[in-house]
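Each structure below appears as structure tokens.
What follows is chain A paired twice: with chain B in the first complex and chain C in the second.
For the complex of A and B:
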């Protein structure tokens, strides 16, 4: 920890270490901080003829389209809601599966399960959307064909917005939970065997060992993954939502998130200002959220906080 | 991989900040660059006078050429050959870049607004040429043409140069090939004959045909529409049945005969009537309940036999669909009725429809134009970039184009680079099946009237926030209505109108109407 008086001294004593930090600092400065100048695009009327700072300043006019349609609240709720569900469910599921897998002794079974769960991560949402359409298509879909074979009534899945909340979450889980499960599995491997042996001697059974040793040891990983995920809570899974829903307005009320809204609104408009405005809104929201959550975590346990 | 390009679109908005700074940095540089390239041209031409191209080619440059769509497999070979010639003629090489069709509109937008290194880029009314030009994305070509591309300057007729003018300036080099991209009904002629159905010439006969297909081929979808239902259904329908002057946005309506009488179509009794008709089609099962989520193209659905008609397609594409279908199912047939046959008028393609522009940010505007001149007027360049290598990619038989191998094995199919804009009617090679298109064109030639819509350049700066908001409202409330998926059409239309008005529909329509009328006066139309 740096004390106020000792900054220069600190710099001097650890000069080699600080020197080693310079490339990283430069990297962040160039790639992450310099581009922030572009935020100014959100406040000007874009013009091909002049440079950024000579364009007309228009205040918040570029942000207008976000609330003009009266959908900003709905969009924000959808975006945040889906992300919260994604974060919680993915973490819960992957911790559970990781704990189970870590207790499995059969090497082959473990490897195959792990790979099978990880595989969907590499499937593109474009491909998934085609599969889904072939499943749920009203006239020729697998679901309706089977239903009709069994003598049931066909269901028009694509006109039931509520159903898609479940679908979207399921698809996301199917695709992504394998990935974070591998992370948890890795941190479980990092837990020292001694704890388990000690617990075994004290007579703890397999469930007690998992519950009292493995799960608490994963808290740290969970906190970090959670904070990382929260930072991008306003950035929806564009591919997922856009591919699944596309132009089907019937489903927008439950499936439209900020990213898809901005894409649809500005697809044919080339205005940099409005696109940047949407990005700024997302960033500010995400920034506020991560600050709040980090402060809360700090209050609870300083070690788990990100900074 | 597909995922990769999708991902690119996904991160587009989040990376907009990064890109915008790059634009900020480079647009400074570009302005200087433009000033430097714009000014010296007359002086240089004056001093060098006798020089073949009239421009300074002492410094070797690489031109960045941007086209939409996918690159053909053999592009590197063609590019190498072109570069050999270009290096000799113009001391320049060219890099042919393609956007692919995935999210081309996003990429196009970024190419132009981030000040990237682009020297030549495709333009069309469907890539918003008029709006980009009005906003100043392209370079005024008029001062450069006489010196940089004199042959091209005289090759393109004066009335075409005039037709692409936006605010009095020429921003794009139009294609000179005359064609019709007007719509017509497309249907399965073999099935029509088999079940003795009427030939579709208007909506009533088209309906009767669809009903006949539904009765006789229950597993077939009578009509293919796809997700872009505003274009495939509404625009075509308005074009044919209500004789709209062009695909006007925001529910603004004017007929071709009386373009000055502008009314609001959305929310009108006519709109309700049309939506009810679409609903009845959906109810009768003429198209899928999930048309909005459809992934296949309409043409593919016809080719593979899952659908039996399209309400509107242009003659050239109809012909391509038929050739493709015939290669898979030789005994199937496609029929075509151009709307013009029934309505008595047809508009030949507007010169804006295919063109190439030089963006403001280009540092090599003169060389770019000189190269483009070669592409259009030099037979070696033109044939190579349109058809590939003679012998390897194609052969000429009785004056007709013949592909070597088939579409899968051939690395450069006909017009494989989407070279619509630099087609030169003098060099063009056609497949024998083109005779069918030619016959339609000849028929339409007899009833041709000028296109008065495409020359209009809308400036939506005044209402861009409302416009973006409306875009969403349209998708959410109007698309399901058009697809016949709202049980109560009247109530659905009321909801849509209410939401659209909230988004600022009236302001948009007012602004659009004002500009449209001003354009009509200026262009001297009625």
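For the complex of A and C:
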């Protein structure tokens, strides 16, 4: 009771601050916390004509169907696999390019190249699908035009699922690396000149300065980007996969992720039970994974734990 | 000593320029292919494929689009409205939240920050969210279905909070408080003007998201009059692929001779153009505005 009074007093003293935060808190309450009640949809027989708690309770039947579809392992491996590859590659690439770009001279040259590298981030995924089709389409695609000019045989890329692992990773990097590159670049701009001057006096060359000063200084930025990336390790990049692959079943073995599977169940095959069960699996598995990883990291070195 | 230093620097610069130039070309190349294709005649694309320079210069793609511009303009209208309203509202809410969450004298800042961050770790999934938007909030076929889902993200709130925290010294806020300004006045008169680079950067991210959104239309809009620009484009691409497939399958040239390839490319240019125009205005704030700190603090 006493504690509650303390809370109320605190909220009263800072009431203007609190009022400024209320719309945001309400938004997340309605937009993110309220739908958590909807996890219950996974345990009922879905019916459009009645409300959630009037639907027939079916226990784990929806999950049973999901398991029997035999897709779950493949979907999980694809989803986590791609995300791990994305996180590692995009951070490596954007740190490397940010470090290099920060040493480039010439105001205009820097401005133009920086804009060029960020340009793909402006492109919508719908346009990305146009680009992908331009490159790979069988008759007029750039790939086959070039192959034929070199005297080779045209390739029907749309029936070779293995190739798409590479394509999807490449296009993810192409589109997104500019974004994190600019964030790293901003952190590099914030590093004090004094460190570099001191290192120069000690005789460190430019490679040594980059490796021993710039890269370690980016640790915090990397940690926060990782924090958000790991949060969506079971989700993520629906737009990319759906726009690049669409409903092309030939490629699903290597390109179907949980997000695309749930979306198709909801909007294409209208299998609500399966869609909710898959969504709940996605949330709980992802959350458990993060908790386990976090506990392990915490045991090894507390400073590197996420929370 | 001096010689080694120069040699290393030279090598570093050489690598830097090579990587940056090659990277830039790879990022721009697909755009050049699209621009070039949009300025080529459909026949030359079908015959020679895509190329860096237009092989047979023609504006037919653009002409087709603007022959019946009503739907295109309507989609433009929807997207422009949603982008402007969504970005303004999102920025207002996120600057207020960011400002409050970085105030050291606001006791529950870490708790609230974590509650906001937690939503990225756990959620109900797509189906409950779909039911929320369509059944409980009743947003189907309304502009609110396009604005609401993207209004705020935890990442942008944390970005904004870090930025305000580093751009606005605590002493400035304290001395304004001593002068009798209330917290909202401090936000409005002091914090917002100092936070312009952060506003520009977060605003650009938000505007880009709204401009490029097709998913909300696909999910919550059944009425073609309310389609966003990107979803309108998505439909055109898939219909024209459909049309040319039928044409090829039947071994006939389409009767009305719609230049599908060059039209698609012209459409891509027309759809992307306006949002690119925003960048030059933002650029000088851009890197400055990206301060990023921890979730707690």
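Quick note on the criterion: the second predicted complex is superposed on the first by the 249 of 307 C-alpha atoms of A that agree within 3 Å, B and C clash if a C-alpha of one lies under 4 Å from a C-alpha of the other, contacts with A are read in each partner's own complex, and residues count from 1 in each chain.
The rule is short, and it goes like this: a contact is a pair of C-beta atoms (placed from the backbone, for glycine too) under 8 Å apart; a residue touches a chain by one contact, two chains touch by 3 or more.
What you see is a predicted model; the values in this text were computed from it and never measured.
By the touch criterion defined above, A:121 reaches chain C but does not reach chain B.
Looking at the shared chain after the overlay, A:12 reaches neither chain B nor chain C. Contact comparison for chain A: of chain B and chain C, C touches the greater number of residues. Once the two complexes are overlaid on the shared chain, A:266 sits against chain B and chain C alike.
Of the two partner chains, chain C is the only one that A:287 touches; chain B does not reach it.
Of the two partner chains, chain B and chain C are each touched by A:36. By the touch criterion stated above, A:131 is placed in contact with chain C alone, chain B being left untouched.
Residue contacts after overlaying the shared chain place A:71 against chain B, while chain C stays out of touching range. Touch criterion not met for A:92: it reaches neither chain B nor chain C.
Of the two partner chains placed around the shared chain by superposition, chain C is the only one that A:20 touches, whereas chain B remains out of contact. Taken together, the two complexes place residues 31, 34-39, 41, 52, 124-127, 129-130, 139, 238-239, 259, 262-263, 266-267, 272, 275-276, 278-279, 282-283 of chain A in contact with chain B and also with chain C.
Against chain A, the residues of chain C that register as touching in their complex are 1, 4-5, 8-9, 11-13, 15-17, 19-21, 23-28, 30-31, 33-34, 37, 45-46, 48-50, 93-94, 96-97, 99-101, 103, 105-108, 112, 114-117, 119-132, 136-137, 148-149, 151-152, 154-155, 157-158, 182-184, 187, 208, 211-212, 214-215, 218-219, 230-231, 233-234, 237, 261, 264-265, 268, 271-272, 275-276, 279, 283, 286-296.
Here chain A touches chain C in the complex through residues 10, 14, 16-18, 20-21, 23-25, 27-28, 30-39, 41, 52, 96-97, 100-101, 103-105, 111-117, 119-127, 129-131, 134-135, 139-142, 144-145, 174, 178, 182-183, 185-187, 189-190, 203, 205-207, 210, 220-221, 223-225, 227-228, 231-232, 238-239, 259, 262-263, 266-267, 272, 275-276, 278-280, 282-283, 286-287, 290, 307, going by the rule given at the top.
Residues 31, 34-39, 41, 45-53, 61-62, 64-65, 68-71, 124-127, 129-130, 133, 136-139, 156, 158-159, 235, 237-239, 242-243, 245-250, 252-253, 256, 259, 261-272, 274-276, 278-279, 282-283 of chain A are the ones that touch chain B when the two sit in their complex.
Partner chain A is touched in their complex by these residues of chain B: 1-3, 6-7, 9-11, 13-14, 16-21, 23-24, 27-28, 31, 105-106, 109, 112-113, 128, 131-132, 135-137, 221, 227-229, 288-290, 292-295, 360, 460-461, 464-473, 475-480, 485, 499, 502-504.
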